[in-house]
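Once you've had a glance at the structure underneath, I'll fire off some questions.
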Amino acid sequence: GSAYVLTLDCPERPGLVHAVTGFLLERHADILELKQFDDFRAGRFFLRVHFVLDAAHGDPGAAGLSEEFASVAGDFGGTFEIRDADDRRRVLIMVSKFGHALNDLLFRARTGELAVDVVAVVSNHPDHQGLVEWHGIPFFHVPVTRETKPQAEERLLELVGQYDVELVVLARYMQILSDGLARELTGRAINIHHSFLPSFKGAKPYHQAYERGVKTVGATAHYVSSDLDEGPIISQQVQEVDHAYGPEELVAAGRDTECKALSNAVRWHCEGRVFLHGNRTVILR
Amino acid sequence: GSAYVLTLDCPERPGLVHAVTGFLLERHADILELKQFDDFRAGRFFLRVHFVLDAAHGDPGAAGLSEEFASVAGDFGGTFEIRDADDRRRVLIMVSKFGHALNDLLFRARTGELAVDVVAVVSNHPDHQGLVEWHGIPFFHVPVTRETKPQAEERLLELVGQYDVELVVLARYMQILSDGLARELTGRAINIHHSFLPSFKGAKPYHQAYERGVKTVGATAHYVSSDLDEGPIISQQVQEVDHAYGPEELVAAGRDTECKALSNAVRWHCEGRVFLHGNRTVILR
Amino acid sequence: GSAYVLTLDCPERPGLVHAVTGFLLERHADILELKQFDDFRAGRFFLRVHFVLDAAHGDPGAAGLSEEFASVAGDFGGTFEIRDADDRRRVLIMVSKFGHALNDLLFRARTGELAVDVVAVVSNHPDHQGLVEWHGIPFFHVPVTRETKPQAEERLLELVGQYDVELVVLARYMQILSDGLARELTGRAINIHHSFLPSFKGAKPYHQAYERGVKTVGATAHYVSSDLDEGPIISQQVQEVDHAYGPEELVAAGRDTECKALSNAVRWHCEGRVFLHGNRTVILR
Amino acid sequence: GSAYVLTLDCPERPGLVHAVTGFLLERHADILELKQFDDFRAGRFFLRVHFVLDAAHGDPGAAGLSEEFASVAGDFGGTFEIRDADDRRRVLIMVSKFGHALNDLLFRARTGELAVDVVAVVSNHPDHQGLVEWHGIPFFHVPVTRETKPQAEERLLELVGQYDVELVVLARYMQILSDGLARELTGRAINIHHSFLPSFKGAKPYHQAYERGVKTVGATAHYVSSDLDEGPIISQQVQEVDHAYGPEELVAAGRDTECKALSNAVRWHCEGRVFLHGNRTVILR
């Protein structure tokens, strides 16, 4: 039998779980995991079901199931998706000079811990070409200056199209995306910001943290939005520090939190666990 | 309308969620939270639903609902319970000389953060009588010596009966319960052990931790079993330490982890979130 | 023999540790703990020594030692203090309606885990009078309205004088101190802010955190300054949360972090471990 | 000027800090960091000083300083070492099939976050040859069977000699070292055990953790000793888990804690911060 993941996001109303499980029961599905969240403040309902179909009872595949479920979900007034559980998201990683998050993602993808296909890496610097190509992944050096930014972003979108990219991951990519590109990638691009948002937005957050004398630093993985550092937060990690940490030591201390927050966010997104909900996220894990 | 919590624990089979949500839909219930876990390794299914009935559609109360649900659950071959969501568990706390966990529980109960009724406190020492009575709770001094242990345990069971106690909490009660009493209280008694089990079972765990030179200490809240320090674990908390901590400093450092692990365990138990599952627990939170 | 704590804060220059240890060696002192921090960015040096004098060699007491050390430290151009290690700071706690941090501090002081003398509690509400008086501590109800604020603050300063208060602890005291009072208490007043500063300054931080959709909340203990929520940070604690936490659940989740951050800050301050260093703190622990 | 690190481990007695700082003062040294620990229970003293010599006043180098300091330390009856602060430890890594800890160490070494020279990698499997050689490091495949174990260990010692190895890191090397080899490498070999020691010694700790139903797993970096999994602990990291984690999920969840605990231990060791102290460690950081 094949395994599928159904995700549903719709206005709340009675009988939603019953309707979905009824649909699955008719098809003799075996539910491996069912998580739901009912945001009664917003009147919004979120559901994720991981289930297996038994070939003996017929298995229409993800496309067939989606078609069949459309009539059920039509009443719900929301959106849903049914994907093959083994279907790996096609991911493009962007990076600048700091390579720790890139290396972390590539290694997790290589060992299968992160079930994604990294289909391309784009960087405004050539530094990590060797590492990327050693992993057998195409590397594109797309330099960015104030003047060439529009062309660079166009080139990125071209690559996104060419490689059928489903998720763009900004793994310490130090260029700010234009509003237009940010909007274009809504819900399809995850950034790692090297602070515990909303503290220390903008540039050089570890230096800001040093100036403020905080006793904890952190990192925040969030969806990219046209409002810089204001996108919906997916994952945050923190690290205790003390007075002896200068800005450089804070930078070093923060690296592990960045890797962890970003890889968590990418994993949850690619497993269909993250739902955009206004400026917030619902994560069914 | 009234709010209820339904908990179900049964062998896994298709259609369980559908059947339960069907039962609720028929009664026009509004589901506030639904959590389930399917242990495919053991073939066991666990469910907790928090729902509200609308008085307009009729509300048979917890007893009435239980009767009605019995016919649905009869097929499942498991056990279930339906309780009023506002129903506070009746808790008896046992304590010896260290009062931090007692004080923590009493204060959380007083402010309503912990929705329980502490109906009595039993101690083999008189030290905490003042604090307990200040909270308006009856205090029973039941000394224990090797000779009087059977009578002391009999007295405890008497109080458990007299006060309709649903949960016994051993908040640093330093006497080992007899096998008989431990069995009698299976699933109804929670202990806090001042180590990160299974490390450092038995007496003086912080001294053991000092000898071993660990860099982290912890506390474990678990159900009492006749096999000492081997009961099903509900909650664990840890605390980083270093070489400068002597045994006394470890004792002090560990106190907060004990309070936190124990109050978490009591809360989850009293909200109907904890299911015994062999020597393990399933916690639907 | 008697134990003392010497703290020193001065411009850095060669030979500071040598000079201090020379002073101690001459007096046959046994050093139990020596911690120092040299902030080379700022050219500032911080030192804390915990030592024991052997009565056989003469013990001039804290006052005598201070006089003797003055000539050594005179050259340093900084400030120092020598206190009896067993000398308990005299603490006044301020509180409003939320009593968890108050209860936590009172219990820790009672058991000796926090080596302070709580000499008085001041509140703008009468709610916690019973608890405070049960601990045998004088309670002062000083209501505050916009009109009576100056008189209320005068009353507070009167009590600070009358009780020889060395540290004022704002344990969820919900009134903003006037600039004048904040300045008056510089370095002598610790506040707990219920957010992870600098995130969510000002009112209702948990509600702000909910709106922003953060995945971690926290609490910050800091010295009071006339610039609200901008005082030097002493301790921060965090707690992971998720989408299911509404504002009320965030409030509840944050309580333990508030208690922990505040009691840490009070302990370190009262042990002479915290040094003000511009808008930052150095903590020698 | 040049920076040096002096480490000293000796019986406690009065005047140790004074003598060391006197030695440094005579040479016009600028102290960047001084940490000491006095274990009064054991009567043992540990010191680490990071200092800079000004060339203008003469700089005899590490060897010269060591010779000069020997006369001071002769009285102390302990051991000391003075190293160039920039001197990178020569590290040999051993690994089997799981490569996450290897990849983590190699990347940290490459970026300079971990200031070591990885001079060789030895594995009983050929799997990671490509990764290692991409980093420009010699890889040695030394298979081990029950029969060939003595020869394999001899080969290892040969490589240790040939490459002037100062530290052997067992980064998930799944062969148990013989007693003889463990003794030979005392204080010069660090292992990562994939459990929170002393819980779950021996094989398959994550499977043991699953059976016991713990709510937290962890990893422990420790010096290798001939008594398996009983060596002095350097660093521990933990990770919260729940009932939904099967053994495989625990394995995955634990990987990050293994990388973090091991890289911390290697860093602190190579910075001269770790002192063996019986079966414990003192870490001056």
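Letters A, B, C and D name the chains as they come in the text, with residue numbers starting at 1 for each one.
In this text, a contact is a pair of C-beta atoms (placed from the backbone, for glycine too) under 8 Å apart; a residue touches a chain by one contact, two chains touch by 3 or more.
Source: prediction; values computed, not measured.
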| query | Which chain's mean C-alpha position is the greatest distance from chain A's? | reply | C
| query | If you average the CA atoms of chain B and of chain D, how many Å lie between those two points? | reply | 42
| said: Counting only Cα atoms for the centres, state how far chain A is from chain D in Å. | reply: 36
| remark: Expected list for chain B, residues touching two or more other chains, is 33, 244
| Taking touching chains as linked, do they make an open path (line), a single closed cycle (ring), a hub with spokes (star), an all-linked set (complete), or other? | complete
| said: Applying the document's contact rule, which stretches of chain D touch chain A when the two form their complex? | reply: 33, 99-100, 103, 107, 111, 113, 130, 134, 244, 252, 255-256, 260
| message | If we count contacts the way the header does, which residues on chain A are in touch with chain B in the complex? | response | 14-15, 17-18, 21-22, 24-25, 28-36, 38, 40
| query | Can you list the chain A residues touching chain C in their complex? | reply | 37, 39, 41, 196-200, 211-216, 218, 232-236, 238, 242-244, 246, 277, 279-283
